[in-house]
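Sharing a structure below in structure tokens format, with a few things to ask.
Think of it as A, B, C and D in the order they're written, each chain with its own count starting at 1.
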Amino acid sequence: MQKGEWLYLYHDEQTYFLPYEPGGCFSTHYGTLHFPENLEFGDRIETNKGVAFYVLRPSLADLMMKVKRRTTIIYPKEAGIILLELGIESGSRVIEIGSGSGSLTVLLSRIVGSEGRVYSFERRPEHQEMAIANVKKFGKPERVEFILKDPVAEGGFGIEGVDAVFVDIPTPWVIVPQVWQALRPGGHVGFLSPNIEQVQTTVKRLEETGFVRIRTMEVWTRGIRVKEFLTRPFDRMIGHTGYLFFAQKVSSPAPEYGPEYWI
Amino acid sequence: MQKGEWLYLYHDEQTYFLPYEPGGCFSTHYGTLHFPENLEFGDRIETNKGVAFYVLRPSLADLMMKVKRRTTIIYPKEAGIILLELGIESGSRVIEIGSGSGSLTVLLSRIVGSEGRVYSFERRPEHQEMAIANVKKFGKPERVEFILKDPVAEGGFGIEGVDAVFVDIPTPWVIVPQVWQALRPGGHVGFLSPNIEQVQTTVKRLEETGFVRIRTMEVWTRGIRVKEFLTRPFDRMIGHTGYLFFAQKVSSPAPEYGPEYWI
Amino acid sequence: MQKGEWLYLYHDEQTYFLPYEPGGCFSTHYGTLHFPENLEFGDRIETNKGVAFYVLRPSLADLMMKVKRRTTIIYPKEAGIILLELGIESGSRVIEIGSGSGSLTVLLSRIVGSEGRVYSFERRPEHQEMAIANVKKFGKPERVEFILKDPVAEGGFGIEGVDAVFVDIPTPWVIVPQVWQALRPGGHVGFLSPNIEQVQTTVKRLEETGFVRIRTMEVWTRGIRVKEFLTRPFDRMIGHTGYLFFAQKVSSPAPEYGPEYWI
Amino acid sequence: MQKGEWLYLYHDEQTYFLPYEPGGCFSTHYGTLHFPENLEFGDRIETNKGVAFYVLRPSLADLMMKVKRRTTIIYPKEAGIILLELGIESGSRVIEIGSGSGSLTVLLSRIVGSEGRVYSFERRPEHQEMAIANVKKFGKPERVEFILKDPVAEGGFGIEGVDAVFVDIPTPWVIVPQVWQALRPGGHVGFLSPNIEQVQTTVKRLEETGFVRIRTMEVWTRGIRVKEFLTRPFDRMIGHTGYLFFAQKVSSPAPEYGPEYWI
């Protein structure tokens, strides 16, 4: 492992997330850990009280969840669907608005690869700062352009022909024309909104503006404990984060079209 | 658009998925479509009966769902989580077993980028053939190595140090040692199994073999129709495709550890 | 068993629901069954082709699901919650509108007992006829008063002091004042509506009219196949039937109150 | 209202549950309430600080949730389904084991009416005491026989021909023969168990013992906040309380039968 690489310290009842400091030490509720010079992922180390911890590689989901937050973040359960429905892959050019705390930016920067590009828009400087810091820690900042701008008030995104746009702002309907302008023909837009009225209002605007194949969904995950004779789902789960909805840009509006059936 | 490029023909009540044939024609229930020489994504074309269709870019989810099938395929709702939990990004080296119909292979080949690599194992030649055909149509075949082999019977994968392994076979527990061998330290393994007994058996084997942070989950999505005064979730949804479970390789077994809490 | 009693004929792959006819016979895909004079619940009888059927008592859920239908019916998953949230028990006096096909009427008539009473309102004669026929077959018709009337157009229910009212009509908001009039103080009202706009509109009206403790919910059930090494939830489930919402009558309106938190 | 009657004090952010004491007073975070001699349900009363509370009738769901607890209780979402699948109505004779804290006993005693009967078995005296106290407060104790006994160790229930049995004990499989003995032919048994292994073990025993139409399910509810431009499901929900499973007694075992399909 290299100095500064992020590691996920795993003990059954407790986990920690920190950068590797060769020769450093770290205090836990279970005693103090000393990190050797040649620590490797997968290693098992013990505290001075004899409690074992494992040194694990964080997953993409871990990185997204560990960003420092000023705002609600995008969760992995939604982020996975967003990638697939927006067609974001190695080489994609993507706009995101707003940057928020940068949890989705971290993911996007790792998916689009060295040939892709993420344009992350935010109008509040303090959010942008935090997003930049998080992408520097957990993402690939060289693939991201952070732009401090309100595209509604300030004449649009100023970028054209992107493959996909993802919108997570409180009034998503106001930005629909700017999204249409920025997308390449047939391109994908996605939204995440907590309230149904946000969806209702934005869907109507999408239909009027030149988007088709509008579809809305919810995503749930439920954890399950697998243990001999105690196998059962966990008692509590997240019942709602937001409604996800998607559409595709067409050359001319199609107000006669309704939303697509979706299973 | 280029000849042979896949397009998603969209009409409210009907969609078609086909490669672009400049000057060609295509018959639908709503009449015949003629494709001009200079068709572009986003275009609106009409059948000889005056019914409008839109020419859309398929998303990654579309490509996965449109593979020809001999087997159950991996659905987008699970595939998104798989990427994030296994940490599959641009540049990753990934093993998948089995190839099945290649729906996940299509996705992986588009995510790992030109510097990544997918090793897709399958022991049944007829499945492999179909997976190869599907990746040629919808994926990036130059990034995939298709291997016809049963790693359990034939001495393991023969590849080491991969970032992640995804297992979708009927008896996932038998392949746990081979997966351990193939992964780099701290690397991620994921499974999708329809029956709880498959999970119970495999989790036990993982605990004995040198994996920690074992976690199991289900994923659901539900579509919602958004239409003025008729907004409501769709009546039917998929209640189960399979249990997703994940773990990470460590240098030494940790049988004393239980599965992690997950929300 | 008595002549005319309803029985549930159960064979693994096929079930039938019919009244008992001593000495009668019944043709199935698996051959013909002859019913002896002294048939009892729990008996096992065989067709002339040697296929075994079991003679079972229908549950309340069976009776509700077996009504002849002209309309969407209330399903057991919602009906159970309705009883508990409306406080419908032995001795209760309850209004239901509309009668629909009578599936809920069947249930209510069996719950309220000989000292309770169900007032079932319907404005379409053909629905009322079917509801009456279904309650005669599966319920306790002597406890139900069927009333052909539109309480909105025709001056209210004409009944006062009932314990609970259940509303299942397309425009539930129009009937809120009449419901308030019919309920005893502190009494419960429940609604089932498929579309969110119906809920939004009716909740607003409830707040203005003198109802508090307004709460809205969805209910899901998912079946699970339990079979050795094949235990798994069923693939498909009902994703939505309707939103259930409840409130309680107070003496004076409380527009300042918002809806209650509910887990 | 009569002295001692239970009332549900409702204020938007806070609720209380207590018996009515004419002339008494009650202190809340919002000040002190004085109860007049002639308090009625639906009344609005104010604390000395001017905060309004409404006096509401508790629903059956409220009564179940408000029992004092030593054990996990049965929740309304499951209790409703239990009534319908077991066919418990006015006049039913029902066995319940164990009494637990009596939340289900409260409900059953109110549903079976004056002609029905609940036999509530419990082997731990301290649980029985609490169940009795709760039924006295919230149920109809004159319809319930509380029996302190372990029917497995002590020769069965000693009661025969009941319409339905509900089992909520940690090892439900051990009591299957006793349940068979107690039920009338074609009668219904239901179980609630948190762990899948309990279900797997008990279903096997049911198949061997003379039960058919075995079916297993989960139930979820999710609350929704309905408020102008803020309408959305609540963030958190209960992901699991237990698996519900049901079967019917037949005269002879039917090991060849698998579990029924259920949607």
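Going forward, contacts are C-beta pairs under 8 Å (C-beta built on N, C-alpha and C of every residue); 3 or more make two chains touch, one makes a residue touch a chain.
Note that the structure is predicted; figures quoted are calculated from it, not measured.
Q: Quick one: superpose chain A on chain D by CA and send over the rotation angle as a multiple of 5°.
A: 180
Q: Same residues or different residues where chain C meets chain D? The copies count as same if more than half of the interface numbers are shared.
A: same
Q: Roughly how far is chain B from chain D, going centre to centre by Cα mean, in whole Å?
A: Result: the chain centres lie 44 Å from each other.
Q: Once you find the CA centre of chain C and the CA centre of chain D, what distance in Å lies between them?
A: 20
Q: Can you pull out the residues of chain B that are in contact with at least two other chains?
A: Answer for chain B, listing residues that touch two or more other chains: 196, 222-223, 228, 231, 233-234, 236-238.
Q: Of all residues in chain D, which touch chain A in the complex?
A: So the residues of chain D in touch with chain A come to 194-198, 222-223, 228-241.
Q: Quick one: which bits of chain D touch chain C in the complex? Just the residue numbers, please.
A: Touch list, chain D to chain C: 10, 12, 40-44, 52, 54-61, 64, 76-77, 79-91, 107, 110-116, 184-188, 196, 199-200, 203-204, 212-228, 231, 233-234, 236-238, 243, 245, 248-252, 254, 256-263.
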